[in-house]
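Chains here go by letter, A, B and C, matching the order in which they are written, and residues are numbered from 1 within each.
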Amino acid sequence: MIAVVVLLVAPLLAGGLSLVVRRSTLLHVINLISLGALVTAEFVITRTVLRDGPFTALGQLVYLDALSTFILFIIGAVGLACSFYMRSYMDEQVAQGVIAPTRLNLFFFLFHMFVLAMVVATVANSVGVQWVAIEATTLATTFLIAFWRRRESLEAGWKYLILCSVGISLALFGVVLLYYSSLQVLSDVSQGLNVTQLLPVADRLNPQVLKLAFIFILVGYGTKVGLVPMHSWLPDAYTEAPAPVVAMLAGVLEVVAVYAILRVRMIIDHAVPVDFTGGLLALLGFASFVTATFFILIQHNYKRLFAYSSIEHMGIAMIGFGVGGALGTFGGLFHLLNHGLAKSMAFFAAGNVHRRFHTVEIDHVQGVAIAQPWTAFGLMTSGLALSALPPFAAFASEFQIVAALASQGVPGVGFTGTEGMVTVALSDQFSRVALASVFLVSAVLSFGGLLYRMTGMVWGIPREGIVRGEIWTLGHLPIIFLAGALVGFGFFLPQPLQQLLEQAATILVIQ
Amino acid sequence: MQVLSSIGSQLVNVCSALLLLTCFAIVAQRRLSACVDLFALQSAFLVVTAALVAYLTGNQHIYIAAALTGVIKVIIIPRVLKKIIDRLNVKRELVMYINVQAGLLICGGLVMLAFFISQPIIPLGSLLTRDSLAIALAIVLIGLFTMIARQKAVTQLVGFLVMENGLFLGATAATHGMPLIVELGVFFDVLIAALIAGIYTNRLQDAFDSVDTSRLTALKE
Amino acid sequence: MLEATTLIVAQTTVLLAVSPFLVGLIRKVKARLQLRRGASILQPYADLAKLFKKQPVISTTTSWIFTATPYIVFASTLTAGLLVPTFTSQTPMNFSGNIIALVYLLALGTFFLILAGLDAGSAFGGMGGSREAIVASLTEPAMILSIFAIALTAGSTNLSTVVHKTAVLEGIMTDPSPHLMALAALFIVALAETGRVPVDNPATHLELTMIHEAMVLEYSGRHLALLEWAAGLKLAVFLSLITNVFAPWGIATTVAPAAIGIGLLVYIIKIAVLAVLIGVLECMFAKLRLFRVTDLLGVAFILALLGLLFFYILRS
């Protein structure tokens, strides 16, 4: 499979070249070519998967099905948008003397390694290799987050490194347990962590071990996703990192971490009643959703605002996966895509605002519409999309999730039991209505909080001394492109993407 | 043969218990360089355990993992850490969030928790490694606790490495080693993580004149 | 009856003979590590002989306690020694529960030593006594807990049975984790009880640091000899306890002459190794400040507690 090789070699080669190339234009060209190649390879793979179904490549090392292809699509789309944006963003930083031109090499090298690690995490057949790749994303991004080398960025980078490494160590324990369970069943254990080996025998694995493994993996990768209560690194990192890096972190890395959880869940659900994993996912989802909404309401820093919005949307997607069923899972996956696109656009716009206004305080930013019309358009569009208003695609996905929640309820919730002296009889219907209400109230609150802040920033008159007017650059292209995609997907999903999503959802739902 | 495997199983358990004991020593130790020494000692015990398991089960690839542990965790990482400590000129942890006795009691609780959690799944494993999975989990939890309870960046790093040791013990003793490609990847990641954290401590020292992570308070709500 | 008497005489002889040797050995190891030649290993024997020849000087302000203490301390420590298996798993005083008697016989000696320190009315004696009281009150719970942890794993409070069970066991030990925890705790306790670094320094008469030496400062002549010998005996008792409970390999489990011969040889080698280890440790570590001693003993207590808890977890 040439496409698979291209997928892996393009970022590797680009990373290597980035270290030796001197001219910044060339660095950007390499970057664009590499991500372009990635997207092209992705299209080829999509066609193959849709035509022939899942396949393995490179001697069982790579396993691609609709789910991983869909994740690859998000990586490619956001990555490509990022590389356009980086052209104007990084050049301006160099021109202003914020970073030395020589440090661009390091930046691009780490960026490519980051992309490579995410691609490996997505296509790996072995759950163990996937773990290695996800830890590698931590290592590649920590210096990108601390790239400005200010006190705050060092603090953010250190927190990110320590918290994510710890979380991911716990996930490794889960992987060890998964392997432990496969030892009892598989005769040839040298590939005992491969999805292709585990799936056929998944229903014979020991449920006790799998339950324990899932808890560890959920907590571990959940740290990387930024689920409450393992989220404390996330707002700091998103505030301090350069805008293109944040766009990748928020748009893609979170998705890859969610994918890692889903991969393991796919195996575990065969042996453990779906209530168990679904209930846990929904629990963390609700915790993240509600907590993030609260922080959105009290936020005064627009980058942190978007960071908490990320936590919120990952919570929503988790609720979708937790509720499960065809509708919930489809909604969750679709929401991952929509959030990835909208959030990267939001951080592109936020990066532009920060460069012009030199502050992250919402109260100090006014009149973006006058100062930076294109950016204001991006800011407003992403705000509306993140609030899940129609006609944006996020509305469709959130609607699917809440519909699934209201019709199916969260598995495992809705029980009758005795607690102390009082007999708690939480009927199924009551729990569904209650949870759906919590969901809707939180959604409305976060909608209000987000839009209130956005309008405050966009309208009004800019402060004295802020340059007015915006020159069109290559960096604005992704904003327009992403806005178009977000609206477009709301009305009409291209046929291959639709198929990919449906098949991915089918993979995840256990009949 | 029966006697030999029974002695082997007990030796593996003794080694695992020694690993746990060094964990407690690390929690009780205030001097940074002694913490690093204890970590090296723990890794050495880990090498012995892995070699024992490799010998008793005949899995050749565990020898490779054991050798790598020896090189990376007994020699390279402790040396790097010692250099950092020398440069930073910090000798001991003067203030801890939790005092030594309370910390040890908490760790005792964590050990019980680990045994409690792994109780139902232990009978699945082979006789050779009866207690090792539980002990591995306990070491992971104690490493986590060390990272929370200590303020210095170096000791937090040691906590992280202790966690990794626990994971490696779990992988070796309970499952007779992960597939080789995964083992190698994990080693690579750990080594890079330790080096990166080392670079960070230098930068933190330059920026804050301290590696006391309790001073990292610029970012909050 | 004859056999029991023989055993008592044999064990008493072995303990009395071996204890000055241990003291000398530790001093020699320390001297060598400090690049000194050091006194001969046999020097403590000569010291004892010399002290026994000298007349004791007794302060006129002291009561009978001062005169009686050396004999009480010596007798109680020696009796404690008869409860611990040395070269054979059979102990001279073999009764169930002797593990507890051991703790209290040693505590009796400590108690009288503290009283004698106070009795002379000197400032040093009082200071040493109060410090010893702190240390003793902290070591005792740790010691009892670790001994219980061992007793539980062996299913007996009779030391002889404990050792015998482990010695004839196929394999190395029954429950490694509780045993190791208890061993670590007991080792710290042994260092504290016998007044070694990092708790006390037997080689100094510096008023700021001394504990044991402060209490025996007023003694001279044969009284001092008895106290020094008792201190050596206490060391021998602890080392025998540790080696035979945790590593009883080679101990005589029958009364056959060959077995006893091997047992004796192995016993001497084992405690000598431990003594060398203590000597090395004393060179590696500095004495702790008095207020840090509580930390160390707290560690011992918690380790012993964990050993005990481990037993229940593993057996449940």
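One rule holds in what follows: a contact is a pair of C-beta atoms (placed from the backbone, for glycine too) under 8 Å apart; a residue touches a chain by one contact, two chains touch by 3 or more.
Since the model is a prediction, treat every value here as computed from it, not as a measurement.
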item: Closest chain to the centre of mass proxy, which here is the mean CA position; value: B
item: From subunit B, the most remote chain by mean C-alpha position; value: C
item: Whole-Å gap between the CA centroids of subunit B and subunit C; value: 34
item: Intercentroid distance (Cα basis), subunit B paired with subunit A, Å; value: 31
item: Intercentroid distance (Cα basis), subunit C paired with subunit A, Å; value: 63
item: Contacting residues of subunit B [partner subunit A, same complex]; value: 117-118, 120-121, 124-125, 133, 136-137, 140, 143-144, 147, 153, 156, 160, 163-164, 166-167, 170-171, 174-176, 178-182, 185-186, 188-189, 192-193, 196-197, 200, 203-204, 207-208, 213, 216, 218-219, 221
item: In the complex, subunit A residues that touch subunit B; value: 126, 128-129, 131-133, 135-136, 138-139, 142-143, 146, 149-152, 154-159, 161-162, 165-166, 169-170, 172-173, 175-177, 179-181, 183-184, 189-193, 206, 208-209, 212, 235-236, 239-240, 295, 298, 304
item: Complex interface listing, subunit B residues touching subunit C; value: 3, 6-7, 10-11, 13-14, 16-18, 20-21, 24, 28, 100-101, 104-105, 108, 111-112, 115-116, 131, 135
item: Subunit C - residues contacting subunit B, complex; value: 170-173, 176-177, 179-181, 184, 295, 298-299, 302-303, 305-306, 309-310, 313-314
